[in-house]
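Listed next: structures, encoded as structure tokens.
In the two complexes below, subunit A is the common chain; its partner is subunit B in one and subunit C in the other.
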Partner chain A sequence: MTDTQWPRFEVFLQDRPETSHRNIGSVHAPDIEMAMMNARDVFVRRPSCISLWVVPVDAIYAKTVQEIEADPELFRDRLGDESSVDKYDIFRKSSQRRAMTFVIYTGQVEATSPELALQKAIEIFGDGTTYVWWVCPERIILRSQESDIPSMFAPAKDKEYRQPRDYKVVSAMQEVKREQPGKGGR
Partner chain B sequence: MKETTDARIDEQLVQFTLSMADDELILAHRNSEWTGHAPILEEDIAFSNIAQDELGHASLWYDLCCNLSDDDPDRLVFFRTPDEYRNVLMVELPKSDWAFTIARQYLFDAYELVSLNNLVNSTYRPIAEVAGKIRTEEIYHYRHTSSWIKRLGLGTEESNMRTQKALNELWSFAGQLFIDSPSIQMLADSGVAPRSEILRQEWEEIVVPFLQDSGFLIPSAEPVDAIRGDHTGNLTSLLAEMQEVARTDPSAKW
Partner chain C sequence: MEEENQAYQVKLREFEGRIASGEKIEPGDWMPDEYRQQLIRMISQHAHSEIVGMLPEGAWITRAPNLRRKMVLLAKVQDEGGHGQYLYHAAETLGATREEMIDALLSGKAKYASVFNYPTLNWADMGVIGWLVDGAAIKNQTMLAQCSYGPYSRAMVRICAEEGFHMKQGKEMVMRYAQGTDEQRIMTQDALDRWWWPTLMMFGLPDDVSTNSPALKRWGIKTRSNDTLRQEFINELIPELYLLGFNVPDDDLTFDEESGNWVSGDIDWDEFWRVIRGDGPCNKERMETRQKAHDDGLWVREALSAYAERMQKRAEA
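Entry: the complex of A and B
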């Protein structure tokens, strides 16, 4: 059977101006504009959000620290074409604790290839612990605009998120059972 | 919370807000039939969101209606008969295939957008406020459904063919959205609601060039010969399902 699944896109969400974009999952879509909308619908129905970025999975150059350590040739003799300097967005995962395992936007470097961008990123941002690096050309990332906020993100704030306990089903059932003596009431 | 003094206008306002509410409610129900059945998971979530949004919009219109008529939204939704419903025929048609569903949602979203763009300036302030609130979400709905229309139109031969067929079927039904009536004229005269011919014109300015750019032919069909309050058997079966639980025990508390 042929694979009819659409391409996958990684999604990065920023919930407050003072926090960085963090990877919250991925969506399938036929193209990057639809990926942006699917990202909104899958990830921004309830939580607060002020900005979304989407990136085709293929455009992300990803390396774990183990992969980097195991490959001494990784950065050797890689001379990029000097005429093709690109800006790269750098993301890294710096925690293994539960609920903290996001790949988070860290900053930007200029380089002539993803490998050299990673090498630079390690020099500039490699102080603390890092488990995974993601490198992606800036121009490939689709970013939501300031003008998208009212229609894409603001309406979620008016929507009350109801936990299951808000529906008084259990207490209502107990009441019904109490009103029917001898039918399994506790 | 009545702000108008003319009793005749008040009666038209009740009918107008009820029409807006019924359109949204019935369309929301039809859209919700896709939950668990949409082409892919992401779209299943997106389209269920849209269904919920439309239900939320219906609720705002019902509240407005009930403020004027001292009625109860739950009674209006669960205990009216089909002939008491005021929705247009377009929204009660069966969901059919995905192309039909997207074509209907697109044509309706475009109508809602031009309608709300006018209603935010309504001289009846509660309508202007509700329209402003709904419009932010409708801008997103339009973006979502127009993106689908473009991709279905410029996608494959089959996606184009199916969507064109849906547009041909829907065109005369869409015409019902713009049928004039003494009631609408009275509201338009007092600046409460836009004139039907203005709406039709603004709707065509959006829809016609967009559909052509998306590879479709514009159907030519006279508006369906129906006024609000006329219905097909489709509404009867829809309401039978939607109202079944509430009618099983009308005294139940929710």
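Entry: the complex of A and C
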């Protein structure tokens, strides 16, 4: 067997119940279950995860607004097969503000093709500003379960030494300064 | 030809306008080839640096003086592996493949931070690397978290949050040894003497000779100059090191009243180039260790592939 590259899977992480899943990167894996395990190892070393979703990259239909504008033919002649209605999860990036520019889960539509799902998503969710759209069939996404929390996400909570706040260097340095006035100058 | 060039100029102006207004460029958006190439070069070098950066510290995990220090070091090295993964991902969104990047690293074609080609000779190196090397990296990474390319910027936001731990655990260790035994102070000063100059080189060539900088600046990738970041680092470190009773190996270091800067002596850029080109103290050893890890892991990758294939067949049957 050759030492070849595995497929790539996009990873979505949820921090808290009141926030939506957001795309935080991708992993390589031979299959989707392994992708879930790799995603856990790569993205959950800190206690800020309650749920992970993974999905093969080629199952995502992705368009930036620039791409949509540049292609007037995009939604033409793409009527899907009426008998194969699918549920699609919709993700979008709607902010350019620092640290807020993630592609985030927005909602669901039913459609017969990814193109039509995108068209519907723009109608339903497109009233605010959107920069990037991702569309993915709901059934293809692998999602961690409630019952996975204790084994997959909870252990990170005990590792306080991974947090910068566990090291009181700022106050310790002030202490040193107080003890040795005048030192550390020119 | 003329028309093509005009169309390109229009696109380029629009692209630069987006960056000027603070928008992030996303995969799929139009971008000049040079922007893509510069980003692939920078991000993959950055990823390689994280991966090779695991090695100097990894060598000390089994020799940590107590369980807490061992857990901390293990967690830090594991983070670095994770950061390499975030960054390879960002480069992949530009069309580079993981395979090409790893091949380039292992074949010696790709560059990585020259600082990781120096040896870790005593335990205090773990503290000094954390405070100095990670501290210098954070300066660069905080800037890159604001860069114009969305996936790189997002990876950096995450990395910066985690690097805070790396820097602080190192600083805590150095401070503790400063107040410790003579042996601990001597050991720490020895580490500082060896890491000071390689750390200053991490900020890259001086502004007047750095050839990559103008394009990177215009396109919002690097928003602050090498010398600016280096000066900021020196100004922060020197007073605190002096306060702790340590020195740096620079006889020409002076304080300039007018600018408020600590002005360092000349950096040995010949050494920098020697190490970058492969002639540093540990270049060969680092690549051999990396290659061995890659080879030793082959059977695991093969087993996983075989399992995935069998499950696939079973599902189809």
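One rule holds in what follows: the second predicted complex is superposed on the first by the 156 of 186 C-alpha atoms of A that agree within 3 Å, B and C clash if a C-alpha of one lies under 4 Å from a C-alpha of the other, contacts with A are read in each partner's own complex, and residues count from 1 in each chain.
Just so we're on the same page, contacts are C-beta pairs under 8 Å (C-beta built on N, C-alpha and C of every residue); 3 or more make two chains touch, one makes a residue touch a chain.
Small disclaimer: the values here were computed from a predicted structure and weren't measured.
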| item | value |
| --- | --- |
| Touching partner for A:Met152 - first (subunit B), second (subunit C), both, neither | first |
| Which superposed partner A:Val85 touches (first subunit B, second subunit C, both, neither) | neither |
| Touching partner for A:Trp6 - first (subunit B), second (subunit C), both, neither | both |
| Superposition-derived comparison: subunit B or subunit C, residues of subunit A touched | C |
| Touched partner set for A:Met37, first subunit B, second subunit C, both or neither | first |
| Subunit B versus subunit C as contact partner of A:Val176, first or second or both or neither | second |
| Subunit B versus subunit C as contact partner of A:Val27, first or second or both or neither | both |
| Touching partner for A:Ile124 - first (subunit B), second (subunit C), both, neither | neither |
| Contact residues common to both interfaces of subunit A (with subunit B and with subunit C) | 6, 27-31, 34, 41-42, 45, 159 |
| For the subunit A and subunit C complex, residues of the former touching the latter | 1, 3-6, 8, 24-31, 34, 41-43, 45-46, 62-64, 66-67, 70, 93, 96, 98-99, 101-102, 131-132, 159, 161-164, 166-169, 172-173, 176-177, 180, 183-186 |
| Contact set on subunit C toward subunit A in their complex | 22-24, 26-30, 68, 71-72, 75, 78-79, 82, 85-86, 89-90, 92, 97-99, 145-146, 150, 153-155, 157-158, 161-162, 164-165, 167-169, 171-172, 175, 239-240, 242-245, 255, 257, 298, 301-302, 304-309, 311-312 |
| Subunit B-touching residues of subunit A, taken from the complex the two chains share | 6, 27-31, 33-34, 37-38, 40-42, 45, 150-152, 154-155, 159 |
| Subunit A contact footprint on subunit B (complex, rising order) | 40-43, 45-46, 49, 53, 56, 136-137, 139-140, 143-144, 147, 151 |
